[in-house]
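Across the two complexes that follow, chain A remains constant while its partner is chain B and subsequently chain C.
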Partner chain A sequence: MKISKEKFGQAFDALAADYQIIAPVSEAGGVNYLAVKSFSEVKQDYLNSKLPPKSFLFPQHEKLLTYKKEGKDVTVKTELQVEKSVLFGIRPCDAKAMLLLDKVFKNDEYRDPYYYERRDNSVVIGQACNKISPSCFCSSMGISPASSEGSDIFLIDLGDSYQVEVITEKGKALMAGLQELSELSADEQALVDTIKSAQTSSKVDVATITAKLDKMFDSPFWDSLHEKCLSCNACTFSCPTCHCFDISEEVHKNEGSRVRTWDGCMAPLFTLHGSGHNPRDKKKARWRQRMMHKFNYFVHNNGDIACVGCGRCIKSCPVNLDIRQVIDGVNNAELVVD
Partner chain B sequence: MEQNPYIPITMKLVKNMCETEDKLINTFTLAFLNKEDEENFKYMPGQFAELSAYGQGEAPFGIATSPTEPGIIKFSVAKVGCVSNALHLMEEGTMVGVRGPMGNYYPMEEFKGKNIVIIGGGFAFTTLRSMAVYMLDEKHRADYGDITVIYGARNPGLLLYKEELAEWAENPNINLVTTIDKPCDGWCQRVGFIPTITEQVAPSSVNTYAVVCGPPAMIKYTLPVLEKLGFPPERIYTSLEMRMKCGLGICGRCNIGPKYVCKDGPVFSMAQLKELPNEY
Partner chain C sequence: MNSIIEDIRATARQLLTDGKVDVVIGYEKGSLPLSATPCFVRSPQDTDKLIWDETCENNLAAFSTLTQGKKAIIAKGCDSRALVVLLQENQLVRDDLYIIGVSCQGVINKKKIEAETGEILEASINPGKITVKGMECDKEFTFAELKDASCQTCRYPNPVLEDIHIGGLIEVAQQAAVFADVTEMENKTDAERQAYFKEQMSKCIRCYACRNACPLCYCKECFVDCNSPKWLTGGVDSAENLFFQAGRVLHLAGRCVECGACSRACPQDVDIRALNRKMSKDVFNMYHHESGISVEGSGALNEYSADDPEAFLVKE
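Presenting the complex of A and B:
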């Protein structure tokens, strides 16, 4: 079924009265996910956003609590205000990444209320990629440019209209008001089929990477890989599945907030102990951690590889360290026999 | 709303005591403000908590008290960074934040019916103290066999809990051996490094568990001694430290391989550690 963009835009604008809508917007430097009020603000034609939409669920900077000290006393308040939200135009890689983040922010003991309050109160409207970026490799990661996994509603852009698929009950509830759906023409159906069968041109092989990495912690493979890395964390910040954070305080006189901010495993201070000891003080150890976490540890803990092939780390790396080549390198590395 | 694991309870610093002669370690006694907070803070020896000095931040520390000591919890903390320094300088009566208890704990159930040898070095004696006090409690003492504590420091002034050690020395329920690195005036206990003393005084490894905490060099040289004495890796436990932020297994920095020290640890057996990469 399809709906014209005109009708869809009207419904979108009406929705903005009740929901915060996060959608791709063109801004200086690229496309990013921001709050919009009208469908006319939404960027339609672009390869992929510069930063992933994870910042809506897991902001780069957020207050966990505020406090006020008076003499020896302290008053602590929780900071957690959540609006009902629609995440619009979410690409298949990012929708899948949210499913992976779901596993991180909840474990057998704890549930992160800041993440989950937002997650539970949001609906994901996914959208297929009509154009594929040269750095994309989602087809190798069990996703495709048109996979609807992780979306509540899934759209395929047909030019003047969207093909609409309702995936979940949450999506169905949001779609309830949308009446003017019609059948696809034969040409439109052909276009849908083309988009659905599209594959990324760059590919990697991750079929055996987890098992291979089980045996590679002490491999000489890690000895030179990292050499050009600047430890800048651009890869982790632009990664839709990277979730590491710092907790620190912002203080003004006797008042302050405890804030959490994105952090990343490429930074040397990330693991520095109070004693001065640092288990990952070398870039070698940090690059190994990045690869091991995504392709081995995460699989052992959560059953999935924590890479969705969005290619953002490839685009954002200032020294062209390409994770696809690192994956190839792992596959080709000789195992040290002892 | 569900319980928010990032929000500390407020506790009162009732005592801030300098523990060692180098002034590096202070012991903080914190009192619960109400029964409800105390009931929600059910912990076991080996667990830790995130201690907040509002204005500086929070940091994780092992709980030095035993759950058999009601009303309070204690931490013995080295002054190394902003948070620990703020705590050291804090006036008694000040309110602090506590998140926890966190992490796993020494396997007190598995230890039942067994002899226990506790081996500690320097200020890594805090959760070991918790465990010893727990086992010495009259409700628990009968559950465990012989309890031996081997505790050493560079010099007598650096031993923690000196008054309690003096009591244990007189207590027939526990066999305490203390040692210092070099002889000094007035010291009539053992002299020598922990591995050497362990070899001399450790009980038979038959039906015995060893729990070892201390500086890395001490652990490195004590493990081969325990192995020589016949302790299998499954019966040697230790507790690890790591830089931590959330304490919930989410923020991503305290992992050793796929294990998070904050949530899967901090207590590990040597058998478990042998399965993990050597990155700690």
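Presenting the complex of A and C:
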């Protein structure tokens, strides 16, 4: 089924009255996900956003609670404010990444209220990629440029209209108001088929990487891999699945707040203990951590590789340290026999 | 460029064969179109992977203080100036350093290409021309159009300190330092400038790629990472980001060699250079100083003299 963009836009604008809508917007630094009020603000034709939409669910810097001491009284206030939200135009890689973040923040054992509340109150409208960047490799990571996994509603851009697929009950509820659906023409169906069958040109082989990494903790492979890395967090901050954070106190006189801030394994400050000891004080240990966390530990703990092949880390790296080459390197590394 | 790369490889091969250095820090072909990536060559047979062209944009001096042992480093003019400052500041041992100097025509700023062609699918460099197949369109650029901003104002394309020079020298057309870009910024109203920097700083994600790409940002603990006192929060907004960027620039006063590595490293395309250039202009006008020109000197703000005429100097 399809809906014209004109009709869709009207429904979108009407939704804005009840929902906070986060959508791709063209701004100075590139396309990013921001709150919008109208469909006309949405950027239609772009490869992928510069930064992933994860900061909506998991902000880079977030006040968890605030406190104030007056005399002997201490007041503590939690800062969680959640609006019903629509996340619009979410690419398959980022929708899948949210499913991975769910495994960390809203699993059976533990529910992070900040993440969980936002996630639970949001509807994901995914959108297929009509164009595929040469550094995208999602087809190798169990998804594809048109996979609807993780979306509540999934759209395929047909030019003047969208093909609409309602995936979940949440999506169905949001779509209830839309009455203007019509059948696809034969040409449009052909376009949908083309978009759905598209694969990324760039590919990696992760079939056996987890098992290989099981045996690679002490591999000499890690000795040189990291050498050109500048230890910045351009890769981890642009990654839709990286989720390490740090909790600190920001105190001024008799009041303060407990804040959660993104951390990243590339920086020397990562895992620095209060004692001064740092179990990962060398770039070698940090790069091993990055690869192990994504392709080994996360798989053992959560059953999935924590990389969706969005290619953002490749584009943002100032020294062109390409994770696809690192994956190849792991695959080709010789195992050291004791 | 072909004979230059052959000479670089031969020099690197010889240095490693003779055991004069443990490692040669240079560039190899990167994984993306028009990209080079730093490489560390430790055996003579690996020297053939070294490349040299307009894509060699990183300042390799940034690796000089991080790399153990005796090292040879391929240095453009700006890289050599950074090495000079590092030597002045006793961060490097001259005897452990072998500088393979190469004159530089400037490096390509890929962001200029992508602004027109969209993401680069394929590209080739022919003398003076860069042919690009882009996601949106194909286009042929002249090298001059794509030259990075820092290369356009560069007055030191030839290395200022080197142990061997490869290839010819480049004639420097521009005699006196020109700060037209800074003057343009100064001529804006306060409100315009504030709006400009607010927009630029709003893009910053505090990944610190700029700081880490800078060969002269070698502090063991950067002020932004210090938690006692805590100079700034982990908050990422225009004000906090400007505090970081301005603090970094001030710490580079009289030390910045204007290589532009910070701006090129920025994944968010923040105009960091605008701050650096203003600082360079002020240092140039106040102290008649350009950093990293000669090992004999020291940074404009690194000198202490008991004869300093300033009243604030405490004298016995």
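Here are a few things to note about the model shown:
Note that the second predicted complex is superposed on the first by the 331 of 338 C-alpha atoms of A that agree within 3 Å, B and C clash if a C-alpha of one lies under 4 Å from a C-alpha of the other, contacts with A are read in each partner's own complex, and residues count from 1 in each chain.
As a working rule, contacts are C-beta pairs under 8 Å (C-beta built on N, C-alpha and C of every residue); 3 or more make two chains touch, one makes a residue touch a chain.
Predicted, not measured: the structure shown is a model, and the values here were computed from it.
Per the definitions stated earlier, placing chain B and chain C onto a shared chain A by superposition produces no clash, and the two fit side by side. Contact with neither chain B nor chain C is seen for A:F137 once the two complexes are overlaid on the shared chain.
Of the two partner chains placed by the overlay, neither chain B nor chain C lies in contact with A:F154.
In the superposition on chain A, A:L321 makes contact with chain C only, not with chain B. Once the two complexes are laid over each other on the shared chain, residue contacts for A:Y33 go to neither chain B nor chain C.
Of the two partner chains, chain B is the only one that A:N296 touches; chain C does not reach it.
Once the two complexes are laid over each other on the shared chain, residue contacts for A:S248 go to chain B and to chain C alike. After overlaying the two complexes on the shared chain, residue contacts for A:F56 are found with neither chain B nor chain C. Once both structures are fitted onto chain A, a short way to say it is that chain B and chain C open up an angle of 90° at chain A, using Cα centres and rounding to the nearest 10. Once you line the two complexes up on chain A, you'll see the smallest CA to CA distance from chain B to chain C is 7 Å. With the contact threshold set out at the top, residues 246, 248 of chain A are in contact with chain B in one structure and with chain C in the other. Of all residues in chain C, only 30-32, 35-40, 58, 62-63, 67, 118-119, 121, 135, 199-200, 202-203, 205-209, 211-213, 225, 227, 230, 233-236, 264-270 touch chain A in the complex they form. For chain B in complex with chain A, the touching residues are 1-2, 4-8, 10, 52, 54-59, 78, 80-81, 84, 91, 93-97, 216, 241-243, 245-246, 248-258, 263, 277, 279-280.
Residue ranges of chain A in contact with chain B, taken from their complex: 64-65, 67, 69, 72-74, 76, 78, 80, 104-105, 107, 109-114, 117, 217-218, 243-249, 251, 254, 256, 258, 263, 265, 270-275, 277, 279-280, 285, 289, 292-293, 296-297, 300-301.
Those residues of chain A that touch chain C in the complex are listed here as 28-30, 47, 50-51, 60-61, 131, 133-135, 224, 227-228, 230-234, 236-238, 246, 248, 250, 259, 261-262, 264, 267, 269, 314-322, 324-325.
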